[in-house]
Amino acid sequence: MKGFGIHTSLWTMEWTREAAERTVAQAKKYPLDFIEIALLDPPMVDAVHSRKLLEAAELPAVCSLGLPEDSWASVRPDAAIDFLKVAIDKTADIGALALSYGGIGERTGLPPTEPEKDNIVRVLQAAAKHAKSRNIEIGIEPVNRYENHIINTGWQAVEIIERIGAENIFIHLDTYHMNIEEKGVANGILDTREHLKYIHLSESDRGVPGAGTCDWNEIFASLAAIKFNGGLAMESFINMLRSGVRLQKVPKRS
Amino acid sequence: MKGFGIHTSLWTMEWTREAAERTVAQAKKYPLDFIEIALLDPPMVDAVHSRKLLEAAELPAVCSLGLPEDSWASVRPDAAIDFLKVAIDKTADIGALALSYGGIGERTGLPPTEPEKDNIVRVLQAAAKHAKSRNIEIGIEPVNRYENHIINTGWQAVEIIERIGAENIFIHLDTYHMNIEEKGVANGILDTREHLKYIHLSESDRGVPGAGTCDWNEIFASLAAIKFNGGLAMESFINMLRSGVRLQKVPKRS
Amino acid sequence: MKGFGIHTSLWTMEWTREAAERTVAQAKKYPLDFIEIALLDPPMVDAVHSRKLLEAAELPAVCSLGLPEDSWASVRPDAAIDFLKVAIDKTADIGALALSYGGIGERTGLPPTEPEKDNIVRVLQAAAKHAKSRNIEIGIEPVNRYENHIINTGWQAVEIIERIGAENIFIHLDTYHMNIEEKGVANGILDTREHLKYIHLSESDRGVPGAGTCDWNEIFASLAAIKFNGGLAMESFINMLRSGVRLQKVPKRS
Amino acid sequence: MKGFGIHTSLWTMEWTREAAERTVAQAKKYPLDFIEIALLDPPMVDAVHSRKLLEAAELPAVCSLGLPEDSWASVRPDAAIDFLKVAIDKTADIGALALSYGGIGERTGLPPTEPEKDNIVRVLQAAAKHAKSRNIEIGIEPVNRYENHIINTGWQAVEIIERIGAENIFIHLDTYHMNIEEKGVANGILDTREHLKYIHLSESDRGVPGAGTCDWNEIFASLAAIKFNGGLAMESFINMLRSGVRLQKVPKRS
């Protein structure tokens, strides 16, 4: 998780054998240090196939996910632990270095509660312990208020990570979410500096970096100033359908 | 709708008699040119009471709303027209000047379709016609992708408004949404200049304007440059519960 | 003076026949709408040669200058008028469309005085009158405090231009100077909008536009918002020796 | 040199007994951690008087200066050393902690040469040595191209300071100059971080900080990110007449 990578959402929203082959072939056209694979449905990933592909391409990988509604960490901690253990094993099996949890789609529609935070701490402690046995790291990604109601800012992630107290857990920022949630884009970087190992470089509208409202001068100046030496991953996409955001049906009139 | 106003979400999320009295009393402490009232539940507003309050305070008002799920303009146009007619009558009855439609909470989870746009055009044509008979104006507010899947940018609002073709309909921007959806905050202002009469000044995190990531220099320079002379309303709040976003229950594990 | 041009300082600091030939050949490699020629020493320009070159290249031109110390408009108005008449004739003779006066190097080291402003008004009135007879326009360029002590901001140029009262005189801004002198880069554009026909796009350190501290989003948004349709000229150089800034000798110790 | 101070140019351009008394009285009205005194004419300062004033006010001080033309460090190194020794003694005698050299007004009008840089290194080595004997520190302030032709950027100051090799010498930045000379305001901070102990917070037009073109978010984010813990001094003035910039007479026509 050093250098410059790309989130595979640029090429695919799923990780079937066919999608993996096509994506790795595309990624190899660029001088990337790593790719980030969204583990939307961990059990369906063919780990042996992915590991061979990545090894042949000499392409390091990291994985990321949100949890489906029946396994939300905040309210269904036991299910979340089960889900994450499978995802951690899959991450390790494909030879990836880390798994980031973003809480995408995890919203009760109510203000966050202390028991919800306790649940998240417990889930991530268990995840970190299992991840350690598989020699991978766990990331926490604050996401915006529409995606999650508990961890929206870097500072909130610091509070959680300090309660977890594991060595193999880090913070993963995303400039798209920071542009909405932080008091200034630099604030998230300053607040998390002791735990920050990974950042999504994503424009304010998820479009082409540079053509939006993110203040990239402030972002890169702050990263340079804290001597950031982790992974920088470009993330850009349209219309992702995520594991945590089940499609709503067009509502029937009652 | 000229000068500087405040969205009443600063003080209240509902518009009961008690809330209206408290809010107008608060608003009168400041040299405001108008207030904006969220008509979350139009039928329950006591129009006679509100009109008296506002007249006594010599405080002009505008109203705004999103539609509940059973009356979404995009998919339930007849219900939307019925809902909007009631809201327009209530707006006129309390003596307000305009009613803005923001499509807050109106998302199918699927990409927008042409029939959905046709429905919105039809609904707003009917709304504009009824509004004309009551001598008020109708606003369209583009909101971000998490709130609406059809009108997110100023340009998309222009396309709709030009299809509607009514004289008493205008565009209402919001800097909070623009910070997420526009290629630059000025772009929304430039794209809508022929129709722009109203703007929410709202920080990137809905907090105190000036303490966030919105580029206010670019916003105010562009507004000055187009000789904007409409209404500027500060909007700032925490945890609003809107008509279009019914509270979800904490999910049961299946 | 419409579209995109380049100040010839990018290639040359003088305008000899050789330099003119080399520069026009370079300029023709790009799809430019015009070039800007610095008339540092008007009498030495071979106008017949330049006109033929520019006509053969189908390349429109504008000229610009500062005045040498013995002809400063602020304190030597008669000499300045004589100097400008020669420069105007040369501008017309080479077929250029306008001549801009920037007051580069014109500093007494004392605060500006009313008689100095009166002198500038008188000089530019005479220049505008002579320019009209030759069918060219006169520009006024505000420059920073180190270059001139009288016209540093757009607003100061407006005050002068309104006193002059001629139809063929316009304001010429420069983003490099605006970055130092204006309260915001947009302010210069907003303040001069009724008179603005030309702008130098020049980075904060006179280097490559985009790699400095100028806020280009605010600049281009404001230009678009006022519907600017004049000339945009890139100016970028190192170590220009100007007519108004005679080289100082290394000082002798007294 | 920690915390927040103000450059006394806010109140006075000279440091007579009367000016010192008036200025210290003004400064005491604010919760300042220190003041910065411009030593424009070191021999005329009444050090005993200033020391008593500052001690009575419990107000720490730092001093700064440019060199007069007959003592420019770049071309008159021996005279510069003599001048600086007097200034260092005066700085120590009034009880100030440091003396900053800004090279204000020191311009040959020609490109910088290696012998000029060698001279500056030799002068500042001698100054640092003498300063050490008086237990004060020496600062180097990069200033803009109109003030000095040798040290304009933070990086250029680093090159000089590393050649000097003394322990009691530091870099002193100024946001006003950085806005003109650095590729981004953060760049100066990043480039000098190992030597940076002091910074002038000065707006782009030397006016009120916040009402200009300096990007303060980027400045403060970078300072926080490098864990800057030196002195921050507000500098704001109009029309300073400095020791290195002798007033020019209004030129006679030749």
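Order of writing sets the chain letters: A, B, C and D. Residues in each chain are counted from 1.
Simple rule for what comes next: contacts are C-beta pairs under 8 Å (C-beta built on N, C-alpha and C of every residue); 3 or more make two chains touch, one makes a residue touch a chain.
These figures come from a predicted structure and were not determined experimentally.
> Count of steps on the shortest touching-chain route from chain B to chain D?
Minimal hop count between chain B and chain D: 2.
> Find the geometric centre of each of chain B and chain C from their Cα atoms only, then give the gap between the two centres in Å, rounded to an integer.
Comparing mean C-alpha positions, chain C is 47 Å from chain B.
> Could you put a whole-Å number on the gap between the CA centroids of chain A and chain B?
Spacing between the chain centres: roughly 34 Å.
> Note the residues in chain A that touch 2 or more other chains, in rising order.
In chain A, residues 184, 215 touch at least two other chains, as defined above.
> Report the topology of the inter-chain touch graph, choosing from line, ring, star, complete and other.
Graph shape here is a ring: one loop, exactly two partners per chain.
> Name the touching chain pairs, would you?
Going through each pair of chains, those in contact are A-B, A-D, B-C, C-D.
> What residues of chain A sit close enough to touch chain D in their complex?
It is residues 184, 186-187, 189-190, 193, 215, 217-218, 221-222, 224-226 of chain A that touch chain D.
> Report the residues of chain B in contact with chain A in the complex, numbered from low to high.
Residues 69-70, 72, 75-76, 79, 107-111, 144, 146, 178-185, 204-205, 207, 211-215, 239, 245-248, 250-251, 253-254 of chain B touch chain A in their complex.
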